[in-house]
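Paired with subunit B in one complex and with subunit C in the other, subunit A is shared by the two complexes that follow.
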Partner chain A sequence: MLRFLLAFILLLPPVARALDIEIVGGAAQQIPIAVAPFAQSATLPESVALVVSADLRRSGLFRLLETRGVAAIPHELAEVKYPEWAALQAQALVIGKVEPSAVAGKLKVSFRLLDVVKQTPLAGLEYDITPAQLRQTAHKIADIIYEKLTGEPGVFATRITYVNKTGKRFTLVVADADGGNPQTILSSAEPIISPAWSPDGTKLAYVSFEKKKPVIFVQSLTSGQRYVLANFKGNNSAPAWSPDSKRLAIVLTHGANSRLHLINADGTGMQPLTASSAIDTEPDWSPDGKWIYFTSDRGGSPQIYRISPLGGEAQRVTFDGSYNVSPQMSPDGKLLTYIRREGGKFQVAVRELAGSQVQILSESSQDESPSFAPNSRLIIYATNINNRGILSVVSADGRVKQRLSEAGDVREPSWGPATN
Partner chain B sequence: MIRARENPVMWQAGALSLLVHGLFFLLLVMTFSWKAVQPMQVAQVELWDSLPAPKVAPPPEPPKPEPKVEPPPKPEPPPEAPEPKAEIQIKPKPPMPEVKKPPRELPKKPDPAIKAKEEEKQRKEALRKLQQDLLRDDQPVDHEADQALAEAKAAAEAKRAADALAASSGIVDKYMAQISAKIKRYVNKQVCGTGKTELTFAIAMMPTGEVSGTPRLIKSSGLPACDQAVERAILQAQPLPLPPQPELFSQFRDLNLKFRPND
Partner chain C sequence: MNKQLMGSVLLAMFLAACSSKQVKEEPKAAVEDKTPATTTAKTPEAATEAPAATTAPVTEQSVGINPLKDPNNILSKRSIYFDFDKDEVKDEYRALVEAHAKYLNANTGAKIMLQGNADERGSREYNLSLGQRRSVAVKKVMNVLGVNDKQIETVSYGEEKPQCADKSEACWAQNRRADIVYEGE
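For the complex of A and B:
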C-alpha cells in the first residue's frame, strides 16, 4: 500500500508555490527623467524646461535624459508615445506648454508629469501668470515633480538671502534658491551681517554698520520700508525670529559682555535672557518655540547651549570637540547643524538632536553660517575658495553637493521659509 | 517535553513527520535497491514505454514466405532476452490462448540476419501483447503482475525525478540570482529614506519574461515614494531572465520579491 502511495505522490504534478526572491540594496542612484522642451515663444525670457531640468539636476536625485534625439516632442498627453521614452530608459516624463492666456498680457503655463513605466499621468497643473513670474512658476513645477517622485517637499521655489561684497560696497541680496533672479535689498558702504528671515518670509532682520556701530534693522520685502529694531548702547547683533513672529532674540552688550535678550518685533519690551560673565551669542529658536540654542564660552571653550525663552538654567548641547558655534535647528526639529573646528579647520557638522552621532558634511576648511532649507534636507553655508567667498549647498546626509557663486565675495547666507 | 495539554496537535504533527520521513526513506531505499539488484528490469520497462509505436504501425516485414507476422510461440524466446523477460512473458501466458491470432509455427531460417529481424519482431510482438493484455479489463486481474509493474514504473519515475531535481535546483538558483541582480540595477534607494526599510511585491510572470498585470504591493515600506520607485524598477527590469526549460517556468510563474534597499 505504501508503494502505491509513493508512486502516487511521485506522479503528482509539482505543487505551484510562489518563489521568494530577495533584492538587497539598490544600484540606481537617481531617478531617470526626461523633461521635454515646452512649447513656448522664443521671445520669452526663460525656458521653463531648462529651469526645471537644472533644478532637478541640482538636487542630485535625478538623472536628466537627453531629449534631442526624439523625433516629435510631445506637448500634450495625446501626443505622448510611451515606448519612445521607455526606450530612453526614462521612468518619468515632463511635457508642457506656455501659451498666451485669455487675459491680455498674461501667460498660461500648463504641464504634465507622466510615469513612463506604468504609462499613467502622475500630475498636471495650469498656471495663469504674468511674464515676470515665469521663472518662479518653473521652480514651482520643479517642486511638484520633486515631491511626486521623492515624497518630500521641494525647495526650488524658495529664496535665499546673502551679503555680497564687491570692492568696498556691501549688498544685501535676496535670490531664488538656485541663485537666479537676485534682488538688492540694501546697498551700503559699511558691512551688513546676520540677515534673518521672518517665519512668513515677508521681512528680513539684519545688522548694519551704516551708523558706524552694529544696529539691528527690520525691513519689509514687499514694501521696502524698514525700521530700527534695536539700537541700544553698545553692540546690537544676531537677530533671530521666534516661530510665532512676535519676538526676536538678539545679542546686546550694554557696554558689558555679549548676552542674549528678547525683544518684541516692534522694538518694544526688551528684556534680558542670559546673565553670565561669558560671551553668549548667535541665538536660534527651535521650531516649537520651546528652546533657544546659542553659542557660549561659559564652559571655557565655545560650545552650543540651549535655554528656555522663559529663562532658567542653560543646558549644554555639544560635548565633542573644543569649538562648536553657529547652531541652526532644522525646521522639522530633528537635526542641528553647526560649525565645528577640528585640527584648525572650520567645517559644517550635523547631528540628530536625539542622538549623538556627528557627521561632518564639508571638506573645506573655512565654513561659516550654516542654514537649513525649509524641507530640512539641505544646508546652505558660506565657504572660501581661492580667497573668494562662495555659497555651498550640501544635503543633510552629505550625499549631494552644489556650489552657487557670484561675482564678488559672498557671505552670510540664510535660507528663506517655504513658499505656499 | 511539551505537555500534550499545551500542544493538542502534537501527536498528529509527530505522525505526519514520521510519515514524511518514512516516505523519504523509502524513496531512497527503493531507488537504490532497484538500481543495484535488477537493472535489466528497469531496462525492460523502458522498452515497454516504446510500445505504442509498433502498435500503431504493424511492421511490414521483409517479404518472406509468410507475409503476415505471426506471434512466435512463447517457448521460443529470442536468445538475447534474459531471464527476467521470460519471467514477464511467462506471467501473461495464461491469457495467451485467448489471443485472437493463433500461434503458428515460424519456419526456421538459417540466415542470422533474418533471425535477428525475426527476434526483433518477436520482441516487439511480445511487448505489444503485454500492453494489450494489461489494457483488457475483461481479463482476470493478476495482482502480482500489477504490483510488479507499478513498482517498476514508480522506481523509474523516482529515479527520473531525483535526477531532474538535482539538475534543476542549480538552474533555479542561478535564475533567481539573475532576476534579483537585474531588478536591483533599477532600484533607487535614495527615495527610501534611511534605516531598515522593507517592502514586498508579488508579480505574475509570463514565459516571455514580462510581468503579467501590475505588481501587487504585499508589504509597504511606509514611504509611498519608495514603493513607487521600487515598482518602477520591477517594471523597467522587464523582460526578466527566465530559464529556457519550459518545465522550470512553472516555478517562476509567481514571484514574491522582497526588497531591503538600505541594507
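For the complex of A and C:
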C-alpha cells in the first residue's frame, strides 16, 4: 500500500517509513560531525547510528562525515584516537553501543558525544529499553547531540499528525517527526480535517464528516477511545486546545456564519466568544493563554485578529495584503506563522509578533496548514506538487527546507508537543 | 444511466409511500443541473442497498410520483451555484429556491439540510466557512419566503467534497455551490 521513493532508502534501514525526506536547501555553516556506527547486533530492527545521522542531516545544521574509511571504529571512550577524527575535519564525534541489558529481554544503549578539537567528552548517557523503543531512543540521542552543539532543543523525538487521502479513503495518521512508525488513528470514508494535539500529547481533537456534517471528536492516543466534543446544529470545526488543556476554542455556526466559541474539554459549558456577523474561524491560543488568534473577514477580507478568552474587542494583527489566514503562534510566543495569498499564490509567511516585517518562507503556491515544531525553530506545512499533497518542513529563518512525501495525498499536518 | 435513474425514481416512489426505511442516495449525483462545462455524474452510492429494500410492501397511494424526485419537477433540482468570492443567490436560481420554500411551507414535517461548498483554493477551515456563507444565503431567501428555521439546517463541506478535481476555472465554478438535501434522503 505504501510505496517508497528509492533514492533515500539506500541510506536508511528497511523500516516501515511512510514519509521520505528530500532536503532542498542547507544552512550556510554546518557543523562537521562524525557518527560512528554503534556496536550492535545485526539482528536489531534499527541501526542507532543511521537514525541519528539521518536526524542530524535532516536538520540542515550538520555535515555528516564519512566514517567507513576509519580503520578501527571506537565504541568506548578509551578506544578513541582523536587525531584520526581531527584528520577527517570532524569537530564532533558520536560513538556508542547496544548490548543486552542485565534485565532479560531488554537492551542497554550507551553513547558519548565528544569534542574532537578539545579532545573532551561533551555528553553521554545510558538507556535501559525494550527493543521496540530502539528507534525512539536513537531520536532522543540525536536530540541531546543537537542541543549540546547548537544550544537549541532538538525535536527529533517528537511526533506529527496528518491526514492522508488514498483513493476515496481518509486516514488520520500519527508518525515520528521523521515520518517513521506511522500509526493510523482513524480510517474513514468521509473527510477528516483540522487535527489538534492536546498540550500533553495524549489526545487529538479533529473534525470528521462521518456524520455527513462536520463534527468535532476528541480521541485518546493511548486507549483509542473517542467521544464527540461538539455536534451542535450546523458546523462544528477548528478545535484548538487551551494551554492548560481544560478548554478548547471551536467554531460553530448554529444556522448563521462561523463564530468562535469556548467549550470545556469534556464537551460541557459551550459559550460564544465572538459575535460579529462576518466569518470568524481558525482559533489558536497564545502559549500564555492570554490571547486567541483567529482568522476573520469582518474588515472585508480575511485577516488575522486576536481576542482575549474573556471576551471584549478583537484586535487586528495583519495589515498587509488582502488574504492572511491560518494563524499559528510559536510555542515560545515570539513568532506568528500564517498563510498569505499574494498574486494568486498561497504561501507560508512568518513574522515576529513584536515586529511587522513579514518573511515568506516558501516558493510554492498552494501552501496550507502551517504548524510550529515545539522548539519554535521549524514549521511543517502542506503543499501541492504535481497535483499531490505533500508535507514540507522549513526552518523559521527560511534557510533549510525538507520535503516529505508519502504515497497518497497528504494534508493538514500538525506538530506534536515536546516529549520528556 | 437513464435506466438507473428511472429505477431509482421508481424505488423512491415505493419507499416514499411506505414511509419505512429510506434508501440513502446522494442527490448531488443524481441531479441534472444547469451549469456549463463537464459534469461527471457519480453513481448513487446506495445502489447496492436497493435489492434489500424492494421487499417492503406497498400500501397506499403509489400512484403519484414523489415531486422531489421527479426529473420533470423543479424540486428535483437541488444545486445553486455561486460566483467567485460571492454568496448572493443569483436571479437564475430564484425559481428553484422558491419552489423548495413552497414545498417546505406546504409540508411542515419536511426538513432540509443546506450543504455549502467552496472551491479548493486556500485554507480548508476558511473554505468551510465560505461554504457555510452560501448555505446561509439560501436559507435567508427561504426565511423571507416564510420557511421556519426548524425545517432547515445549514452545514458546509467547504472544499472537502468537490464534484470535480481539476484545477480549472470550470471545475472551481462547479464547486462553488449549495445543495438542498431532504431529511431521509
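Note that the second predicted complex is superposed on the first by the 392 of 420 C-alpha atoms of A that agree within 3 Å, B and C clash if a C-alpha of one lies under 4 Å from a C-alpha of the other, contacts with A are read in each partner's own complex, and residues count from 1 in each chain.
Please note the rule applied: a residue touches a chain if its C-beta (ideal position, glycine included) is under 8 Å from a C-beta of that chain, and two chains touch if they have at least 3 such contacts.
Here the structure is a predicted model, which means the values were calculated and not measured.
In the superposition on chain A, contact of A:T150 is made with subunit B only, not with subunit C.
When the two complexes are overlaid on their common chain A, residue A:I339 makes contact with subunit C while staying clear of subunit B.
In the superposed model, A:L77 makes contact with neither subunit B nor subunit C. Contact with subunit C, but none with subunit B, is seen for A:S326 once the two complexes are overlaid on the shared chain.
In the superposition on chain A, contact of A:Q91 is made with subunit B only, not with subunit C.
In the superposition on chain A, A:S237 makes contact with subunit C only, while subunit B stays out of contact range. When the two structures are aligned on the shared chain, A:V228 is found in touch with neither subunit B nor subunit C. In the overlay built on the shared chain, the residue A:A275 is in contact with neither subunit B nor subunit C. Residues of subunit A touching subunit C in their complex: 191, 193-194, 209, 212-214, 233-235, 237-238, 251, 253, 255-258, 279, 281-282, 295, 302, 323, 325-326, 339, 341, 346, 366, 368-369, 387, 411-412. Subunit B makes touch with subunit A in their complex at residues 22-23, 26-27, 30, 147, 150-151, 153-154, 157-158, 161, 172, 176, 179-180, 183-192, 194, 202, 214, 223-226, 228-229, 231-233, 235-236, 250-263.
Those residues of subunit C whose C-beta lies close enough to touch subunit A in the complex are 113, 121-126, 128-130, 132-133, 136, 139, 149, 152-158, 160-161, 167.
If you check the complex, the residues on subunit A that touch subunit B are 2-7, 9-11, 14, 16-31, 61, 86, 89, 91, 115, 117-118, 149-152, 397, 399.
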